[in-house]
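Each in structure tokens, the structures are laid out below.
You will see chain A twice below: alongside chain B first, and alongside chain C after that.
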Partner chain A sequence: MSTPDTNVGKIVLMVAAILLFAAVVGAILFAATFFRGRRADRLTAYAYLAPTLIMLLVGLVYPGVRTIYESFFNAAGNAFIGLDNYKTIFTDGDQLTVLRNTVFWVVVTPFVATGVGLLYAILVDKARLESFAKALIFLPMAISFVGASIIWKFVYEYRPDQANVKQIGLLNQVLVWLGGTPQQWLVTSPLNTFLLIVVMIWIQAGFAMTVLSAAIKAIPEDIIEAARLDGVGPWGMFRFVTLPAIRPAVVVVLTTIGIGTLKVFDIVRTMTGGQFDTSVIANEFYSQSFRSDNQGLGSALAVLLFLLVIPIVVYNIRQIRRSEAL
Partner chain B sequence: MTTTTPPATAPVLEAGKPTAAAIAKRKLTSPWASLAAIVIAVLWTLPTFGLLISSFRPQRQIKTTGWWTFFSDPQLTMENYRQVLDAESGAGLGSYFVNSLVITIPSVLIPLCLATIAAYAFAWIKFPGRNILFLAIFALQIVPLQVTLIPLLTLYVDAGLANTFWTIWLSHSIFGLPLAIYLLHNFMREIPAGLLEAARVDGAGHVAIFFRVLLPLMRPALAAFGIFQFLWVWNDLLVALTFAGGGNKVAPITVALANLSGTRGTAWHLLSAGAFVSIIVPVTVFVLAQRYFVRGLLAGSVKG
Partner chain C sequence: MFGHSRSQRLRGALAGTLGVGLVFGIAACGGGSDDSNDDSKTATQSIDCAQFSSYGDLKGKTVSVYTGIVTPEDKAYKDSYKPFEDCTGVKINYEGDKSFETQILVRAKAGNPPDLAIVPQPGLLKQLVATGKAVEAPAEVAANVDKFWGKDWKGYATVNGKFYGAPSGASVKSLVWYSPAEFKEKGYQVPTTLDQLKELTDKMVADGKKPWCAGISSGEATGWPITDWMEDFMLRLYGPETYDKWVNHEIPFNGPESTAALDAVGGYLKNDKYVNGGLGDVKSIATTTFQDAGLPITEGTCSLHHQASFYAANFDPSTKVAEDGDVFAFYMPGKDTSSKPVLGGGEFNVAFADRPEVKAFQTYLSTDTWANIKAKASQGWVSANKGIDPNNLSNPIDRLAATILKDPNTVFRFDGSDQMPAAVGSNAFWKQATSWVTGQDTKTTVDNIEKAWPAK
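And then the complex of A and B:
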């Protein structure tokens, strides 16, 4: 199928695609009105579900099973090699760096982002300009990871330390103002991984703040009033009233950010391309599958990602259910 | 829980009783609390602000001096934006921007259409296998995109769809469906059954109930998913990188920017302007519709 080159052509194609799917839905709705008799309801339901089920089976279930299968094959996908790909992930030096970095990401990001978000939520609670103050922190959520990476790459930008060369990156300039020498931040491992993690924290803190702030405001007033009459101090108020009350929300936020962090790809790809020992599982998956043409190892990395996500997701969903967030 | 009501839009409770957090904060002695809040706010905005200023500075200035010198030596230009959008002399981001729009709009509307009728079937029609099917679709939310990409690419190539918009539309629609169905189903279940009963007694069929009774009530849920999916697709890099191929025929702006960052990583006059061209759309959508966004965000937290 060919793709139009002109903008007008693209937009026409877009409208056609939307109309096509609207027509499919319309046809199903229309056809279902002709179902009669005892089984009419049942047939209607299956008709309504048909396009969705077909798409999910072809686009999610089959590829998922296929990837698990491929993960037991070699780079070209033509010889069965058992668990060798998984063995590589857990023994090969480069792959171990990938695993180590992923652990850094998943341990550091959720806790720091949640901590900053909670602190900020408390600090601006009932302050003047509260919604404006919150918008400042929340706005990075709307920015793409690629955009955020460029914003931070500029902060980390390095210019050689020579007499006539001025630093243009904020971090190095601050260092110079403090009397230090500029650093190539993104090249030094393992520091560079933490500098990439900063970007993720920057994005996720707003999410943590919003959810936790809502949870704080939902604490019943009589509990607070009772604690105050009992003479509970500010720290005690936080420790024995606020924190227990928002605990489910904190867990949801931690796990949610954890899941997102496990799958982080764009930041590493844009900032370092996985060089200088900064790769993580999701990025390594991409490099192996589409750059090194090692489909077996790529598939194994994807499966590993899946396996790592499952327990966090299950825990996350149980917490959401328990706190009746949705 | 009130996580569904973002406080940003909540009325300011000035005369209300203090919350626990307010009490905790007060004793952190207010000046220090304010200072800490200001430090965080500055840290969070300064990087964006610096790049925004840079995007309006002349190329030579960006290269040789930090953006903070703008305040002692203010020089503004639109040249960077002109260049980054222009196909002849710069990065030609204009056509990628159009691609992003062409990718995003159907990727929101297609799953929305399909999921509404599917969610209706799950919520209001009794049929054998209903619970198990719904649970299965709910569980599919947790499948990471990565697991599906290689086989999906093979399927697209076999079907002759490689490097067309269809691959991206279909992929995003498929990945969005489980969340859409889950969100819309939950919302539909909250609509009182009596309302539907009454319509049925009046002789309305599924279609009439669907359009006259349900759809008008569903606006918040449709908006929540729509906005979540819009930002997700617009900001996506992985799916586009896998399926869109190189060149400006199909690839969205995120791919163009990531490539620019890789090949011309020091061309800050292009990178800064390019970043803001890509940011402007999601930020506008977000500011206009943020009250719907948090709900979708929380519900979609395990997606992809």
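And then the complex of A and C:
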């Protein structure tokens, strides 16, 4: 089947696809109205669920199972090699660097981003120009990861330390103003990984701040009043009133950022391409699968990522449910 | 109550309409493959349709071409297809995609390959053949390739004794860019042996300059220019036979030959006196993009830059690229004047269908007719097709490349990393070369690459 190459052809094909989709869904829903009798409700529900279930099976379950299956095969995918790919991940020097970097990302990003967001939320709470101050830190959220990475690539940009050569990177220019010599920030490991983490924090702090600020505002006024009457100072207020009250929100923010961080790919790929020992699991999985032609190792890395994300997702959902129940 | 629900329903309908409108809007914006078929009548006029008659009646048929060659280079390709389209009535659908190298494999494996792909690496060609979707080239193409190309070129597109496609473009990588004006002013001579290259470099150092500039940054492909350096030295120090063994892993990557070749490169690239003219210290090689790396020549802060013929496109349009201009290139000399090894690259036309119109188009692309039409239509393009007339090449660097390729003394070898398995050629080799230039020693580097070689 060849794809049409004119815009008119594309639109016609798209309209046809949408109509077909609507027709299929319509037919299912129409058929569902014919169920009668005792189990009618249940059958109708199944009929309504069917399209979603089928799509989940085709788009999620099948590729998932297939990836797990392929992770036990060699690079070409034609010989079963058991757990060798997993062994490679945990013994090979390059792969261990990938794991180390992933640990850096997951440990540092959620806590620092949440901490910065929380501190900011408390500082600007009820301050003058609060919404303006919040908008400032929230703005990076509106920028895509790739866009943010390009911005920060310019911040870290290096020009040689020579007479008539001017620095074009912000960080190096500041360094030069302070009397230092310009550095190639993205080359030195493991410093470069932390410099990439800064980008993620820059993006995510706004998200943490917004959610936490809303949680702070939701603390009932009478609790705060009561604490004040008891003579609690600012630190005590934070430690014994604010923090326990917003704990569910903090956990949700931490885990949400944690999940996003585990899957980080765009920032690494845009800024270093995984070079200079900055690769992380998601980036390595892509390189192995599509560049290095090692389907087996790529799949194993994907499975590992999947296994690492699951507990956080479970915890996250439980916390969201609990906070909703409150 | 009624009014409320009606307004709700209205709102729903509105949202739906907006949503659909948005989808349509995006679809209308995306995928603008504009058909620029109306210009370029020039190439067609000089063509005699008689030579296309052997292809038979193919009116109304379509051939899809998928490639990594995008704007602006794609125009010359489309223009060069015009005579074939006009004479046979076949329509060629050209699709350029920057992520061709990963997508072609996905498409082939998914059973949705194009009719024809322009494949830039023999390694990738092997992978495509391994998917079982590539189709053996017709006898006419094989005959043309025997006639117009050297034997080695046919070999690059042959897998397990079967030949899969004619070479398309070619590039010469064994070139060193320099400033003819500077050479004239300072009285430098273009070197003809490796020793002379070293002497010239030392002379420039004595004149108070950092002679070489280099840069290997290229996104996830960072490191590849060093592979070209190393291949050039492998070819020069040990000759083409050892080079072939090295590429095919008949000798280990961490053997004495590899180590010596990489050390020889290190003699230039890891020498603080020699690099990195106008760009910083040795480490700055890692962060300078390959596109920017040769530009210091035009600023006078660097004198020599090792890069392929295609680098001409990176200079400012006002820069005169010619033997008597602002910049030009000389052949990276052999060990002595008697040997003339040339490292290069190129693309191959691999078909995934054997319909008559695809075969006819493949055959057309393997002729000297096409090569000359393409040469006339493009800037910065050469082919190793021996039927090409150098007068059809518009710029001096292309003529230089064509002359080198045609020279009977030339021993051509295809870029080694492009032929190695992907795990090495497009991963470990790049990565380890990058680590090497930022400080890792030669032994660790070659050991790590050897370790990454997939077990057979």
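What we mean here is this: the second predicted complex is superposed on the first by the 277 of 326 C-alpha atoms of A that agree within 3 Å, B and C clash if a C-alpha of one lies under 4 Å from a C-alpha of the other, contacts with A are read in each partner's own complex, and residues count from 1 in each chain.
The rule we apply is simple: a residue touches a chain if its C-beta (ideal position, glycine included) is under 8 Å from a C-beta of that chain, and two chains touch if they have at least 3 such contacts.
This structure is a prediction, so every number in the text was calculated from the model and none was measured.
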Practice task
Tell me which partner A:F238 touches in the superposition: chain B (first), chain C (second), both or neither.
Solution key: first
Exercise for the section: Pick one for A:N7: touches chain B only (first), chain C only (second), both, or neither. Expected result: both
Problem - Contacts of A:R321 with chain B and chain C, given as first, second, both or neither - result: neither
Practice task
Scan A:Y158 for contacts with chain B and chain C and give back first, second, both or neither.
Solution key: second
Exercise for the section: Would you check which partner chain A:K87 touches, where first means chain B only, second means chain C only, and both and neither mean what they say? Expected result: neither
Handout entry: Contacts of A:G273 with chain B and chain C, given as first, second, both or neither
Key = both
Exercise for the section: Give one of first, second, both or neither to describe whether A:A218 is in contact with chain B, with chain C, with both, or with none. Expected result: first
Handout entry: Contacts of A:V187 with chain B and chain C, given as first, second, both or neither
Key = second
Handout entry: Most chain A residues touched (candidates chain B, chain C)
Key = B
Handout entry: Shared chain A contacts, counted only where both chain B and chain C touch the same residue
Key = 1-2, 5, 7, 10-11, 14, 18, 269, 273, 290
Problem - Interfacial residue positions of chain A with respect to chain C in the complex - result: 1-2, 5-7, 10-11, 14, 18, 75-76, 93-94, 158-162, 165, 184, 186-187, 269, 272-277, 287-288, 290-294
Completion exercise
Per the touch rule, the chain C residues reaching chain A in their complex are 20, 23-24, 27-28, 31-33, 35, 62, 64, 93, 95, 102, 105-106, 112, 127, 130, 219-223, 276, 278-281, 283-284, 286-287, 301, 421-423, 426-428, 431, 434-435, 438, 448, 454
